[in-house]
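Encoded as structure tokens, the structure appears first; notes follow it.
Order of writing sets the chain letters: A, B, C and D. Residues in each chain are counted from 1.
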């Protein structure tokens, strides 16, 4: 299990390739990558992600550990950035590896649902001279109810 | 006790952190003390349903006890991922 | 949309990195990768995948097209190998890109469920001097019922 | 008409393809003709529930019509992914 919180970009291709490589006991690998979109409620020039150093790492590790107790996982990876990002940049990724695809898929979805609403990150959008904190969405909170 | 603010709570209060001596037994009591400080605190804590709280870096509720707590943080609902 | 059926290995990291890159309208990218396991019902030394040239490409394209009608997808990729593979090697991958994660996840699971039971591939396991065609699993057929 | 066999169906019959002149109107009628050919065909087609069929590279049922069909393929349930 690896949890990384960093300001710098990460190399998605290299991380995806390295994750669970050589683990011939794991038949299924799922990755999810979040990308800054340039069209939301309004066009955006850039985004800044604030986080809570110390708590962030703990919260992510706790979410990943919980996924490992719920599903049979061979490995879990979570990488989440903070700081300034521009549209098209990758914000974060999760990866899960399991014997069977159902575990890998469900665990990845669980990680994402909890990461959205239970990890201490806050997004601020910059559009020209306007700035706006991204509001939490009811559907993201509702997504937790299925677990 | 360190009291931390994030996102628009930090912006509204104007700084990221206060060091506070308090006898507050719960988060709610701490919030009442903070509201009484200045208008900008009252504004930041006007609607608790728009806020979340962590005590010693664990998410909790506003009626959580503060006995032994070293760090309390207030922030809006999280928007990670 | 890209559908590839090939005998040669593919570069998962490079494919994952290139997929939907530069598409700042797509916030969510999901990949699934299938890996040859060395432990199933019995230990296996290698696997051979037979397919139906001509039909395979059509079947995969049809499954991918159907996913595009069911979910709002910005891009879809399917790569599936045939021929001889050894444990730890990647058999196939799918990738989906969408504005929102729910579409990307569901479409990737749909692609996998249909690929398992509706694309003309057949796996044969080699363990020492034993050979065995991998039997279709009831749970893979059942998985189609949710769609 | 080309008749193709895959996986253990191919192995049981001993070759991957037959070129057949047939008046069979449905897949079931074609199966009956094939079964009558030789024991290895009868063995391969003994249990149709273990087989799948594609006509002109589209999955279909054993009661599908063969009018105009150029290629019929028999194989076990698929195990892709």
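Just so it is clear, contacts are C-beta pairs under 8 Å (C-beta built on N, C-alpha and C of every residue); 3 or more make two chains touch, one makes a residue touch a chain.
Just so we're on the same page, UniProt names per chain: A, C = Molybdopterin synthase catalytic subunit; B, D = Molybdopterin synthase subunit MoaD.
The structure displayed is predicted, hence computed values, not measured ones.
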Distance in whole angstrom between the CA centres of chain A and chain D is 48
Cα centroid separation, chain B vs chain D, in Å, comes to 72
Chain A and chain C have mean C-alpha positions lying a whole-number Å distance apart equal to 23
Two or more other chains are touched by the chain D residues 81
For chain A, residue numbers touching 2 or more other chains are 34, 101, 112
Contact graph of the chains (line, ring, star, complete, other): line
Pairs of chains in contact here are A-B, A-C, C-D
The answer for chain A against chain C in the complex is residues 11-14, 16-18, 20-39, 87-88, 99, 101, 104-105, 108-109, 112
The residues of chain D that touch chain C in their complex are 4, 6-8, 10, 54, 57-59, 73, 75-81
In their shared complex, chain D is touched by residues of chain C numbered 34, 50, 52, 54-55, 58-59, 80, 91-92, 112, 115-124, 133-136, 141
